[in-house]
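Look at the two complexes coming up: subunit A is in both, with subunit B in one and subunit C in the other.
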Partner chain A sequence: MNEAYRYFLIFLGALLIYNILLIRFIALCPLIGVSTQVETSIGMAMSVLFVMTMATTASWVAWNYILEPLGVGEFLYIPVFILIIASLVQFTEMFIKKVSPPLYRAMGIYLPLITTNCAVLAAATESVKPGFLKLNIPYNFSLPEALIYTIGVALGFGLVLIIFACIRERLETSPIPHSFKGAPIAFIIAALLSLAFMGFANLLGL
Partner chain B sequence: MEETTFWYEFKKGFIIENPLMVLMVGLCSSLAISNRLENGIFMGISLTFVLVMSNIIIAAIRRWIPDQIRIPIFIIVIASFVTIVDLALKAYFPPVYDRLGVWIPLIVVNCIVLARAEGYAYKATVKNALADGLGMGAGYTCVLLIMGFIRELLGTGKLVLFDVTILKIAPPYNPPAIFILFPGAFLTFACLMALLNRYKARKVEQ
Partner chain C sequence: MDLSLVWKAALALGALSFLFGALLAIAYLFFKVETDPRLDELLEAVLGSNCGACGYPGCEPACEAVLKGEAGVDVCVAGGQKCADAVAKIMGVEATVSERGVALVHCKGGLSESTPKAIYRGIDSCAAADKIAGGFKACDYGCLGLGTCKDACPVNAIFLDENRCRQVDRERCTGCGLCVEVCPRGLIELVPRDQEALVMCNSADKGAKARKTCSVSCYACKKCEKVCEFDAIEVVNNCARIDYEKCTQCGKCIEACPNDVIVRVKPAKEHGKAPSAVA
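Let's turn to the complex of A and B:
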C-alpha cells in the first residue's frame, strides 16, 4: 500500500466510515448538550480539534519514549493519558487567555468541558496504544499517521455536530408529539443520521 | 434510622436520579455496548465496581484532600480502579474484552463516576457513599440490561447468554438487523425516554 493512499484511508476511515459520534457513540454528551445552536457547535468543534491534536501528540510521545521502553504501558496508560489531557487542557486555557483574549472568548467556555470529553481520550488511546483501533488497516502508527487519524476523528466530530445543530434549529418551530419533545426527538434524528452514515460502510474495503 | 438512610441512598440512585434516564450522563457507553445482553452485564459490573470503590476511597480520604486539587486526585483514584478492571477483563474474559474494547479505558471519563465523586462522595460518609455507588451502578446496569434485552431479542430473534440460547422468537419473525446496528441504539433509547416522559406526564395529570 503506498504511503499517501494509506494516509488517505486512515483519514477517511476516521472521518466518515467510523465516525466517532454516529457510528461509535463516543462523546454523545456534547452532541445532545451543546448542539442547540450552530454557532456554539462551531466553537466546540474547533476546541476539540485543537485539544485532540495536542493530546494525541503528547500521548504518542509519552507512550513511545517513556511508557513502552520502561515496559509499564499496560498498567499505566489510563492514568498517564488522562493526566496528560487534563493538564494540557488547563495549560491551553491559561495560554489562550493570556495570548489571545478574543480566541479565549470564542473557545474558553468549552475547554474545561473537553477534559471529560470521551472523544479526546478515545482518539489518543486508539491511535497510540495498539489493540483498540477498529479500522481494517494494519496497526503500526507513526506520529504523522496518528495525527492524521486524530484530525480525521476531530473533523468527523465537528461535521456531525454542525449538521446536527442545523437540524435542531429547524426543529424548534416544528410540531413534535408531546412525549418526544427535547432529548427523545434528538435521539431519533441521531438514529436517522446514523443510518445515513452507515451507507459509508465497507467503502474502499475499510 | 441508619438502615433507612442506607436504603434511601440506594433507591435514589436506582430510581429518582437514575443516571441514564433522568440525569442523562454516561450515555455514550450505554448506547454503544447495549447490542447484546451479555455486554450489558459485564459493562454494568465493571462500572459498578469502579463507582463503588472510588466512592468509598474518596469518602474515606475526603478530609485530607485539598480543595484546589481535588479533581486530579479523583481522576487518579478512578483511573487506578479502571486499570484493575481493564487488566482483570483482559486476563479472564478475552472475548468480552475484545468486544468492549476502548470502552473500558473510557470508564475514566464516564461522567457518572466523576459526577458522583465530585457531587456526592466528597461530602458523604463512607457508608452512604457505598449505598450511593451501589444504587447508581444498579440503575445504570438496569437500563443497560433493558436496552440489551430489547435490542438483542428484536435484532437477532434470540437471546444468547454465555453461549446458551435462553429465549427465541418463533421462525416467521424475520429479525430486522437495524436493532443490533448503530441506529437501533438511538431509536430504542429515544422510545424508552418518550415512554418515561409519557408516564411522568400521566402521573402529573393524576
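Let's turn to the complex of A and C:
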C-alpha cells in the first residue's frame, strides 16, 4: 500500500466509514446536547478539533516515549491520557481567555465539557494504543498517521454535529406530535442519519 | 511478581502529574486575566437568568457595564429594588429604582370558553396564527394559546394548562417584560405586584358579539364602573380597565361582575432568585 493512499484510507475511515458519532455511538451527549443551534454546534466542533489534535499529539508522545519503554502502558493509559486531556483543556481555556476574550465567550461553556468528552479520549487511545482501532489497516501509527486519524475523527464529529443541528433547527418549526418533541425526535433523527452513514460500510475494503 | 512495575507506574504517573501541574501553574502566571473582584459579587447580586430585559446580551456584560459606569445600579430591571440595593451596596452608592410589576395576560378564554372560528394546523406560534385570517378564534382580541409568551419567558413563569389557557406563576415572574413584547395581540401587561383585582379580558367587541365569541368575555355592562366607590374602574373601548393607582382592592367590582371577568388573585410576593440558566 503506498504512503499517500494509506493516509487517505485512515482519514476516510475515521471521517465516514467508522464515524465516531453515528457508527460507533461515542460522544452522544454533545450530539443531543449542543445540536440545537448551528452556531453553537460549529463552536463545539472547532473546540473538539483543536483539543483532540493537541491531546492526540501529547498522548502519542507519552505512550511512545514514557509508557511503552517503562512497560506500564497496558494499565496506566487511562489515567495518563485523562491527565493529559484535562491539563490541555485547562491550558487552552486560560490561553483563549487571555488572547481572545470574544472567542472565549463563544466557546467558554464547551471547553470544560470537552474535558470529559469520550470522543477525545477515544481518539487519543485509538490512535496510539494498538488493539482499539476497528479499521482494517495494519498499525502502530506513526505521529503523522495518528494526527491524520485524529483530524478525521474530529472532522467526522463536526460534520455530523452540524448536519444534525441543521436538521434540528428545521424541526423547531415542524408539526411534530407533542410526545415526540425535543429529545425523542432527536434520537429518531440520529437513528435515520446513522442508517445513512451505514451506507459507507465496506467502502474501499475498510 | 515484578514489583519494579509499581515503581515505574508511580514514577510515570507522578512525573507526568508534576510536569502538568507545574506547566499549568506557569501558564497561570503568564495568562492570568485580571478581573475586577466586584464582577463576581455583582453577578451574584443580579437575578442571573440572562433574560436580556436590561438591553445587554446577558448578565455578565450588564455587570461589566456597571463596573465601567456605563449602566446605573438599577441595571437589572427584572430584579427590581432588591437587586438594585445589592448592586448599589457593592458599588458603594445609594439606589433608587421603581418597582417592577408582574405579568398579567388579559384573557381567560381557553379552548372550552372561547368559540373557535377555524381549525389551525400551522406553526406553533401565536404571531403566525394571528396573521392568518386574524387567528382561529372568533374573538379577535383574546389569547391564541400557542405559547409564544411561554417560549419567551426566561424563568419559566408562564405555562399552558390542559385548556390551552396560559397561566402566569406570579411568584416566579420577574417582570422583565419579554412576554409583553412578543404577544402579537398586546394582551400582556405588567401590573403592580400588590394588585389583587384584575380584569381578565381584552375584548373590544360590543356586548352581543362579545357574548357570542367567548363565555368569559367582558361585554361592557358597566356594573363594575357603577359599583366602584373610588372611581378606579372604567369601561374603555367596551372593556373594563382598572386604574391601579386608585384601586383599593375592596373587591366590589369582583362581586358585581356577572361574567367573572374580574378576578381576585393573591398578591405576588417579592420573587426569589431566578434559577440560573443551564449551560
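Couple of notes before you dig in:
The criterion applied here is as follows: the second predicted complex is superposed on the first by the 206 of 206 C-alpha atoms of A that agree within 3 Å, B and C clash if a C-alpha of one lies under 4 Å from a C-alpha of the other, contacts with A are read in each partner's own complex, and residues count from 1 in each chain.
Keep in mind that, in the parts below, a residue touches a chain if its C-beta (ideal position, glycine included) is under 8 Å from a C-beta of that chain, and two chains touch if they have at least 3 such contacts.
Bear in mind that the values here come from a model prediction, so they are computed numbers and not experimental data.
If you put the two complexes together on subunit A, you find that subunit B and subunit C both fit without a clash.
Contact with subunit B, but none with subunit C, is seen for A:Ile188 once the two complexes are overlaid on the shared chain. Contacts of A:Gly71 after superposition on the shared chain: subunit C is touched, whereas subunit B is not. Of the two partner chains, subunit B is the only one touched by A:Phe25; subunit C is not. With both structures placed on the common chain, the touch criterion links A:Pro79 to subunit B and to subunit C.
When the shared chain is aligned, subunit B comes close enough to touch A:Glu126, but subunit C does not. Contacts of A:Pro175 after superposition: subunit C is touched, whereas subunit B is not reached.
When subunit A is checked against subunit B and against subunit C, the one touching more of its residues turns out to be B. With both structures placed on the common chain, the touch criterion links A:Met198 to subunit B but leaves subunit C unconnected. For the pair subunit B and subunit C, the model built by superposing on chain A gives 9 Å as the shortest CA-CA distance.
Where the contact sets of subunit A with subunit B and with subunit C meet, they give residues 75-76, 79, 83. Within the complex, the subunit A residues that touch subunit B are 22-29, 32, 74-79, 81-83, 86, 115-118, 121-122, 125-126, 132, 134, 177-181, 183-188, 190-192, 194-195, 198.
Those residues of subunit B lying in contact with subunit A across their complex are 24-25, 27-29, 31-32, 71-72, 75-76, 79-80, 82-83, 86-87, 101-102, 105-106, 108-111, 114, 178, 181-187, 189-191, 193-195, 197-198, 201.
Across the complex, subunit C meets subunit A through its residues 5, 8-9, 11-13, 15-17, 20, 23-24, 27-28, 30-33, 121-125, 279.
Taken together, the subunit A residues at the contact with subunit C in this complex read 62, 66-67, 70-72, 75-76, 79-80, 83-84, 87, 90-91, 94-95, 97-99, 109, 113, 173, 175.
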